[in-house]
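Presented sequentially are two complexes of chain A, the first with chain B as partner and the second with chain C.
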Partner chain A sequence: MGRISAIGIDVGSTTAKIVGVDEGGELVWKYIEPAHPRVEEQVDRFLRKLEEENGPIDGIPIVATGYGRNLVHQATRKVTEITCHALGVFRQLGHGGTLIDIGGQDSKVIVIGPSGEVVDFAMNDKCAAGTGRFLENTAGRLMVKLDEMGQLALSSEEEVPISSTCTVFAESEIISMIAHGVRVEPILKGLHRSLVKRVVAMVRSVGLVPPLMLSGGVVKNPAIRKMIEEETGQKVTMPEHPQFMGAYGAALIALRGKRRTNA
Partner chain B sequence: MKRDWRASIRYYWNVKVLGNAYLRWQRWRMERKGPPRRWRTDILAPPLKIGARTKELISRHYLEGRYANGHKPVAWVTSGAPVEILQALGYYVLYPENHGALCGARKVSVEISTEAENAGYSRDICSYARTDIGAMLSGKTPVGKLPKPDLLFACTNICQTVLFWYRVLAEHFKVPLIVIDTPFVYTSPQEYSIQYVKKQLENAVPIAEKVAGRKLSYKKLKQVMRYSRMAAELWLQVMERGKNRPAPISVFDQFIHMAPIVEMRGKPETVDFYAAMLREVDDRVKKGIGAVRNEQRRLLWDNLPIWYKLRELSEYLAERGVAVVASTYTMAWGELAPLIDPEKPFESMARTYIQPILNVGTGKKLEKMKRMIEEYHLDGAILHSDRSCKPYSIGQVDQRNRLIRDYGVPALLLEADHNDPRSYADEQARARLDAFIEMLY
Partner chain C sequence: MLEIPGRKEICNKFREGGGRVAAVMPIHYPRELFRAFGVLPIEVWGPPGMDISHSAAHLQPYVCSMVHNMLAFLKTGGLDCADFIIVPHACDSLQGLGSLLVDFVRPPQPVFPLYMPRGRRPEDVEFFAQEFRKLYDWLSNLTGRRPSDEQLMESILMEERADKALAKLYDLRTEVSLSVRDFYRVVRTRQYFPAEEFVSFVERVIDEYSGNPPDGVPVIMSGIVPEPMEVLDEIQNLGGIVVGDDFACCGRRVYPAGSGEDPFIRMAWRIVHGPPDVTRGDLIEERFEHLMDKVKKTGAAGMIFYTVKFCEPELFDLPDMRRRLKEAGIPSVHVEVDINDPLSHQTITRIGAFLEVLI
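Presenting the complex of A and B:
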């Protein structure tokens, strides 16, 4: 078909994504899977799938991002998630501001300048507090499906404060709450609150430049979105495909590189 | 202290005769062949030739320490202590913080601080303190043996931890402890604060004299002060050569060669050492040699080094064309040189030792950073948020934000610990550094 002009691959800690863009930088093809421990094999499979559906990819530039980016040998360039997310979101929403990206292993706050450049960023400490892993871990313990967590949390009027920000300690705290007969929904609500407070503290540390934007897998969770709005007092905007912004930004960088070499 | 003629014989034989000869031979060999190239020289300049002398000085310092007990009075002091009094009284002076850094650089700090943790000292305590207490309890050290102190000398101008740390040492070794309390300086030092510190310094003299068993000679003290000032001035000039493009030395070089100005202040050989270092650095400037071969961007470093990651960080940055050319930390041992007045030893010691970077308001540090960014033509700053050094790290969030806001220079807060690798996450640090460097280009 030949409509794909550049490819972006985002190998995250929880999911791996691939995106194809056309000559004009529009997102025309995307695919996502849970992250596989054998990154090389997974990327090979991704590219084969892309070829099957879109035709040969010879000569199409590839940029990789995410924690596993250095294992993507097919990539012409490797760029960090920070730069890629900023670029992807900027292109989709058309403006700068403050982007919150909550991923599986880390969450980041990126201040994006008026032309899509990274002005400043902050990342969570070197632990899982304030990341998707925090929710994932406790969802398992509470026997709740990950994609139902947000709804359940919002369904509760009550909220139980979770004082531990540490994922492991929060889990023990929850176990003791269950042992005291506390219902699951208020615990879930407290859990979301704890995560959001961590993330909002990070926003404050870099200084909020409106508008506030969200990306990353965790923003599919409605409770997170709502609570971020509550805690910051700002309306949040989201791109159409929040989970693909890293891969999309990577594809845009690949496209830019191609134009430069052609010119 | 009790003098022992057998200890003196051992000292002369092992240090002055055998040790000196061996170390001189080792230096001569290293000067001929050049210091070992342990770091990548395809991206970094070859190591400074002065390294041969640094090694000789530091090795001799610890060798002297090994045989000092019974021959010389020994004092353990904090890094910001007015050591000139002790030097003038002929003390052998040991800096537990420097020893800690050495343990960090040799990657044995975890093993040694675990000894302190096993004895009940929390991991939240400064990693220098833990390393020192661990070494005290277990006798473990990469330098052979540390001498027992006859006197402990702590000055609060670097932090409050030293108060408790040195009390632990005093209890363990059962020796006198002198504490010099330096009131915090918010804007500029108050005259009464200086008088207060001066009085304490004067009061310390009789105690130090009694332990040493000799009287302080004022002539000697003035001489020591002169050497102190000369060495500090030379060190300052060495660092200021970093204003050149390309910078002849990086802060990683400074971290390696700063040991003499910290632990051998007031000695003539330290003056000679920095004079020689300045000559070599000037020679590099003349030949246009940069510490980083492909210098594209220039950065500021704030806070202590990450001792166990010096090489990794230096190579990582150099590979990306980034030279870290100035630091607030190494500057601390040079910037106060003009305040040292050998004619007014106590007055000027009080004035000098009351205003190192850790005893003045955070706004002062911000001003300093801004000045350095201008004078050294810097493109950004890395602020090491040091889990162990709270007084240095406090205010960094604001300082970082203001550097970005007011100066438009990118600044990164890098979370680590100066001596405890367990508080350093390679992957996360790499993720931040990668993103930061993309912002620089």
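Presenting the complex of A and C:
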């Protein structure tokens, strides 16, 4: 058998990720792709890729998490993304606190206890506001590349408030601003602020327990991180692989299960 | 799954036997008064899965799906088998529905808006008793009957027996092998079975299903109604078991038996002294103590607040209630649903994550 001892798969609404951990729980292999509607086929492909690069996977436990977890028939167990994110981040950063995870189509705030356990959580999973989709929608409208949005927003001194928290209304608001000759950068800054305020409201609903941590695909955006710090007055820390924390936590649960079985 | 006759079947059977039927909206009303007139009250909790385009002309989008559905149900013929419609004033939305029915929609059935007291004082009991006297006169005019005090008392005693059977069923939750969903299907027959049938049905269920309940981490649910009922299957699949509830349609109506000779006062007293309910004006302190008492009795590890979107009375107390529970070491989760939506992945994830926390 190769170096991989357990596998975690996170089928999110925007991306699918797979992580392999070694016997000690270290993240030793990872892979990400946009989420495919045929989940089972995609997971099969993921597992073949993992085998090609790491050797056979027979008998290696697999835990699935994320939005599409129940469609991962190859998994030995399914666990919610809340528990998995908490475990993954706890293992990478080595402490509890409050985790903000902003994904493509949902966002969550998880209070993690001193042993990595979930103490409380809040989710925004029905509305695109407060998720990556909010930025994605408007990036297209403003003809700005998604991965440049954050820098552009930060480059502006000026900030135009966006009053609509709803993605659809925000888009109309932006169109009318452009029609009135407002520059793109201040609009972007206001847009980021609007998303962050929404997320911070969720943090307040569970009660912030420092330190504040950040994960999920959207954290690559520097404006989000900076504004979360401004809005909460807390320094934010990030794990090394912020997009893989769900899959990593799933792999750690698989490893734990394996140890229990072997004990 | 346990075979249980539905509302339609019970309604038809009752009518075939010469009885009449009242469609009753949530939450509290005197069942015994109706039965004394030969009328079977059948409760309308939505029902879920309606097309609310039928109610949208009368109600704003931010009125709860429960009230939207009641109106849509009525307008699409769902209440055609009822002879009367009763709308208790449980909340502003229901009061609005009552006025709409009386002033604008004007269904073929006569409508009685039933006003509720907001407290547990003797004057609240007297106020409610007075409402029941008005309801008595109203039913009397419509049915031509005038049940005597003895007949009223007989009916009261029957309903008290049914409430006792319901309380016993709850007490024996951990001694019957019913699935979580089947348990609540049985509990919910109280919403439409005649009391005498309910009593014998519960006795039979307790007998036939005595045994170990499904395994799982014990939780208590609170809210208005457990709809869609698949949520109860999911809780069990995810490793939980509902050991008690504070649902407006279920556990919040296990009324105590009354005492005294005045039938109206006795009926009113029973409801006013039922489990605490925000729609009857009970304080959050009383509700909190009641929930904590349930937690202690059942050994529940956490609470699931399962509320209907836009349900103002429930949502009003919720943040403070969850804070109090948290301080008392009882974790809780809040899930909001629209009773027209199928059970969503998001709801399952929230409940699943919560149960993982408890396990």
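Heads up, the rule we're going with is that the second predicted complex is superposed on the first by the 261 of 263 C-alpha atoms of A that agree within 3 Å, B and C clash if a C-alpha of one lies under 4 Å from a C-alpha of the other, contacts with A are read in each partner's own complex, and residues count from 1 in each chain.
Heads up, the rule we're going with is that a residue touches a chain if its C-beta (ideal position, glycine included) is under 8 Å from a C-beta of that chain, and two chains touch if they have at least 3 such contacts.
Keep in mind that this is a model prediction, so the values were computed, not measured.
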item: Partners on chain A (chain B, chain C) - clash or fit; value: clash
item: Chain touching more of chain A, residue-wise (chain B, chain C); value: B
item: First (chain B), second (chain C), both or neither touched by A:Thr83; value: both
item: Touching partner for A:Met123 - first (chain B), second (chain C), both, neither; value: both
item: Chain B versus chain C as contact partner of A:Tyr67, first or second or both or neither; value: both
item: Touching partner for A:Gln151 - first (chain B), second (chain C), both, neither; value: neither
item: Touching both chain B and chain C, residues of chain A; value: 67, 79-83, 106, 117-121, 123, 125-126
item: Parts of chain C lying in touch with chain A, wherever the complex brings them together; value: 326, 331, 344-346, 349-350, 352-353, 356-357
item: Chain A residues touching chain C - in the complex, by the definition given at the top; value: 67, 79-83, 106, 117-121, 123, 125-126
item: Contact footprint of chain B on chain A as seen in their complex; value: 67, 79-83, 106, 117-123, 125-126, 205-207
item: Touch list for chain B against partner chain A, complex; value: 397, 401, 404-405, 410, 413, 415, 425, 427-428, 431-432, 434-435, 438-439
